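What follows is a set of structures for review.
Same chain, two partners: chain A is paired with chain B first, then with chain C.
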Partner chain A sequence: MASIMNSLYNMRLLDDLSQKDTFVHRLHPLVKLLATVVYLTVVVSFGRYEISSLLVFLFYPVLIFAFAEIPVVPILKRLFIIEPLIIGIGILNPIFDHQFITFYGIEFSRGWVTLFSIIIKSGLTVTSALLLVATTGMDKLSGAMRMLKIPRIFIMQLLLTYRYITVMMEEVARTLRAYSLRAPNQKGIHRSAWGSLAGQLILRTFDRAQRIYQSMCLRGYTGEYNIGRQSPMNLYDLLYLTVWCLFFIIARIYNIPFIIGSFVTGGI
Partner chain B sequence: MSHHKLEVKDLNFMYPDGHKAINGISFCIHHGESVGIVGANGAGKSTLLMLIMGILFPTKGQVLIGDVKVTKSTLPMIRQRLGMVFQDPDDQLFMTTVYDDVAFGPRNYKLDEDEVHERVIEALELVGIAHLKDRAPFKLSGGEKRVAAMATVLSMQPDVLIMDEPTSSLDPKSRRRIMNILKGFDHTKIITSHDLDMIFDICHRVIVIKDGGIAADGITSEILSDSKLMDLCGLEVPLALQNCPCCRAKKS
Partner chain C sequence: MHMADALISPAVGGAMWAATGVVAVYSIKKIQDDLDDKKVPLMGVMGAFVFAAQMINFAIPATGSSGHIGGGLLLAILLGPYAGFLAMSSVLLIQALFFGDGGLLAFGCNVFNLGFYTCFIAYPFIYKRLINKGITAKRIFTASMISTLIGLQLGAFSVVIETLLSGKTELPFITFVMLMQPIHLAIGFVEGLVSAAVITFVWKERPEILENASMGVAIGNVSIKKVFIGFAIAVILIGGVFSLFASSNPDGLEWSMYKTAGKTELEASTRIHDILSTIQSKTAFLPDYDFKTNESEIVTSTDIGTSTSGLVGGALTLILLAFIGFGINVIKRRNKLSVK
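Moving on, here comes the complex of A and B:
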């Protein structure tokens, strides 16, 4: 039960972090969204066997962590939640990939390289997406998406899911607490109660969602989610976007770690 | 000011399962009146509020705000003039900050952002929580949430304030604070509650609902002191009107 309450609190942590007032938080949401989109595109565009070129992309999340004063551990915890899925996708690569490579005299399947590359890519992309939410906030992010002319229906779906998921989890936590108090010796929930519990939860969630929707309608909601005036972009915003995009493109074209390595070891 | 008048004429409502929740209710509330709607659980108070707000539509009869009938086409205009505060403030606070929640209504009416800001600050100052404007609603206490929910409605500058159980599950100090805030409003007020002492304190008129119909409608002090009527409607005479619990002496 405590874990559910914790995860509920943790879910709201991103919202809390987005309220900070740092140089990164003050940047225009659209700029941060575009920089993240370019970053994601460039990271996923690398081939299966390219690992060394990817490492330089760690710079982006590391710098955002530092400048936006975002705590590293909570973000990494969220990243680890999805890692089992990522490993599940790539775990069979070492078995099915029959080609071998030699690294410092050790011969192993190239599948290990692809698995490792998938883990790095997922780590980078998920962290950057989490950092985007933690430095911008969902409301401002939706405003940025509206500026990009993304259809309203998708933005609404995203925002309402983000809002209602906490509402649903609160209902779950309350129901589970009531269950555990009357079943102190049980670990988890007995399967005989699964059906009725899930049914109850769905009905209660519908009920709550209905009331929230009604309260929105009573305050003039007609399907448009208004988030207020967006401040115009300034020179710093454009500079931020330009510098990052240039860095991503250069890092995509040239293998920077290799160049630095060669330079240091006298290869160039 | 006839445009602030709220009139309910022969209102009937039946839920899809056949339960008749409202049974021929009629009343008229004039500008500036504070009206308490009381009744036992399941008497039909919440259904009545939903019918007034146009969340539900009557099977028979009509609700008139000023001279405008509540229909689907008049809802945007009606809802700008009627503000409803829900019983559970969590239903009303769904944005990331109190400011955004209070700004939600005015922004939906496409007001200029400067005016939205003015209205938000005005509403927050009216209920005394301007210092909480940047806080996340889920981090507020029960009493703070309740006044924040009020501010979300006040920012729309409604003519009529409708409140469902405004003092339920509040500690005595928060309850008193809400009551003082409510007393300070010039709006027409419709308040449903089981807190009869609060109704006695705030409302000049009270409508007692029983089984979907009106059991009594009149001056609060007369109706709430009628112990027979109260008992018949599943209610009790407010503590403020009861005899002294120690010496049983009658209160003057």
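Moving on, here comes the complex of A and C:
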């Protein structure tokens, strides 16, 4: 129950945030989608022992947080919920990596380096995906996908799923609330109600889909779905994409934190 | 079982995106051929249902824990494999975008692991074959149980392969398999029980939904051969292209091999590559090739100066970041106040 209400809250929050009117929100959705994809690919392409080079990639989320006026806490909260699931696979690295390194006299398994690298990478990738939705919104993002020639039928059912998720979650939450009122102090749904509880929901879903289809037909649905015209990209949009891509590529090739460090410590 | 971006490599992610793309395009074509425009709203709403239904806790008797439904098989049974696969993809995409549950680059992997095996292997080859003899409660139970178990086992094995091919974890193959398969056997067992209960209920209340589906009215028959050929071509093409890219890339597998061996093939490659490798060898903080020695040997980071630069630089980058972030916030707030 709590998890459903949390998810509902999370979706509405990202929806609300995507309605803001900042410079980042006004950018063309395709540009933001492409920048995110390039960012993710570059971050993920780093080797497993990389740590310092990755730090400079924090610039992207930090600047978007700041310019798009996205609150940091709810996004980080989401990240902290997800992070343990990702770390779960990397957590055994320190045990299975039998090679050791010494760093300033401290000896540790090389697996710690890979684990730390995974933690940074997952933080960067999860945050950037959430920021994409928080600054663009699902409708505009679907428009961008349409521009990438993703078939209309897929976009349409994606948008329908998205739109009905909140409706269905509310329905599931109501059903579970009704169940818990009739079966207090019970953890989960009892075996005797497994089929009927979820099954009833499925039947209701079928009926709902039928009603939706009929109302769509009444409003002139012919099997086509119009998402509306996308505004063309302007110079700012292209500039935004170019600058970020250049930055990502440079940061991929050169270890910028190291260069800064060498400069300060006189290492060069 | 959702895979995150941080655990895959661009080559594996790209190849699985391509594979999923091929299967998705084929499924879309099949649905369009059906000319059943009722199907799209049904797919949309059923996807939303699965999304919400995954959050229902089904109490497992005598254990105190609870199980969930996965959704892939249920969608295949209620909508047919093509529509089920697409609906599952939408659910996974929304989970990735709004919840960070499974990454965008790993989206192809996730759709494949959770959607392909259930809709295109478990459903047509196990569920449908067992049910074809005529629907009975017993057959529904057996069919859902076996197909859920096999679908999940294949998915879990696929996670192992994709993760190991990406090279982000140190887990040995056998250990990883021994971790993943038994866990998913237990999960699959519970999911099978729940699916069987749900499908039996739907069959008793509205038999026409299942009968239409099993007769293939809105499904069409799966031509698994075409799907597989397309899938294989996509994987080979994208995997190949990305591997080529990786070999000219400073952190690719080839490069670390070259650094380890210190010679051969790649030495003769492009000048850019040489420049890149020189820069990388000068700059990389805790570079992997430093440690590629004998298993038992303790390796020391020889150049303390290099490490210091990395540490200091990293710290300065973070300070700079915090400064910029707060700076923009302060300026924005001041601007807003002055407007008011």
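Basically, the second predicted complex is superposed on the first by the 224 of 268 C-alpha atoms of A that agree within 3 Å, B and C clash if a C-alpha of one lies under 4 Å from a C-alpha of the other, contacts with A are read in each partner's own complex, and residues count from 1 in each chain.
As a convention for this text, a contact is a pair of C-beta atoms (placed from the backbone, for glycine too) under 8 Å apart; a residue touches a chain by one contact, two chains touch by 3 or more.
Since we're looking at a predicted model, the values are computed, not measured.
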item: Which of chain B and chain C A:G137 touches, first, second, both or neither; value: first
item: Touched partner set for A:E171, first chain B, second chain C, both or neither; value: second
item: Partner chain in contact with A:T125 - chain B first, chain C second, else both or neither; value: second
item: First (chain B), second (chain C), both or neither touched by A:M216; value: both
item: Contacts of A:I153 with chain B and chain C, given as first, second, both or neither; value: second
item: Chain B versus chain C as contact partner of A:G47, first or second or both or neither; value: second
item: Touched partner set for A:R208, first chain B, second chain C, both or neither; value: both
item: Dominant contact partner of chain A by residue count, chain C or chain B; value: C
item: Chain B versus chain C as contact partner of A:G188, first or second or both or neither; value: second
item: Residues on chain A lying within both footprints (that of chain B and that of chain C); value: 138, 163, 167, 208, 212, 216, 221-222
item: Chain C - residues contacting chain A, complex; value: 2, 4-10, 13, 24-25, 28, 31-32, 37-38, 40-49, 51-53, 55-61, 64, 66, 69, 78, 86-87, 89-91, 93-94, 96-101, 103-105, 163, 167-172, 175, 193-194, 197-198, 200-202, 205-206, 209, 249-251, 256, 276, 279-280, 283-288, 290-291, 293, 295-301, 304-314, 316-318, 321, 324-325, 328-329, 332
item: Contacting residues of chain B [partner chain A, same complex]; value: 53, 55, 76, 79-80, 82-84, 86, 88, 90-92, 94-97, 100, 103-105, 107-110, 113, 116, 134, 136, 138, 152-153, 156
item: Of all residues in chain A, those that touch chain C in their complex; value: 3-4, 7, 10-11, 14, 36-37, 40-41, 43-53, 55-56, 58-59, 62-63, 65-67, 69, 78-79, 82, 85-86, 89-90, 92-93, 96-104, 107, 110-111, 113-114, 118-119, 121-122, 125-127, 129-130, 132-133, 138, 141, 151, 153-154, 156-165, 167-169, 171-172, 176, 186-191, 194-203, 205-206, 208-210, 212-213, 216, 221-223, 225, 253-262, 264-265, 267
item: Chain A residues touching chain B - in the complex, by the definition given at the top; value: 12, 15-16, 18-19, 137-139, 163, 166-167, 208, 211-212, 214-222, 224, 226-229
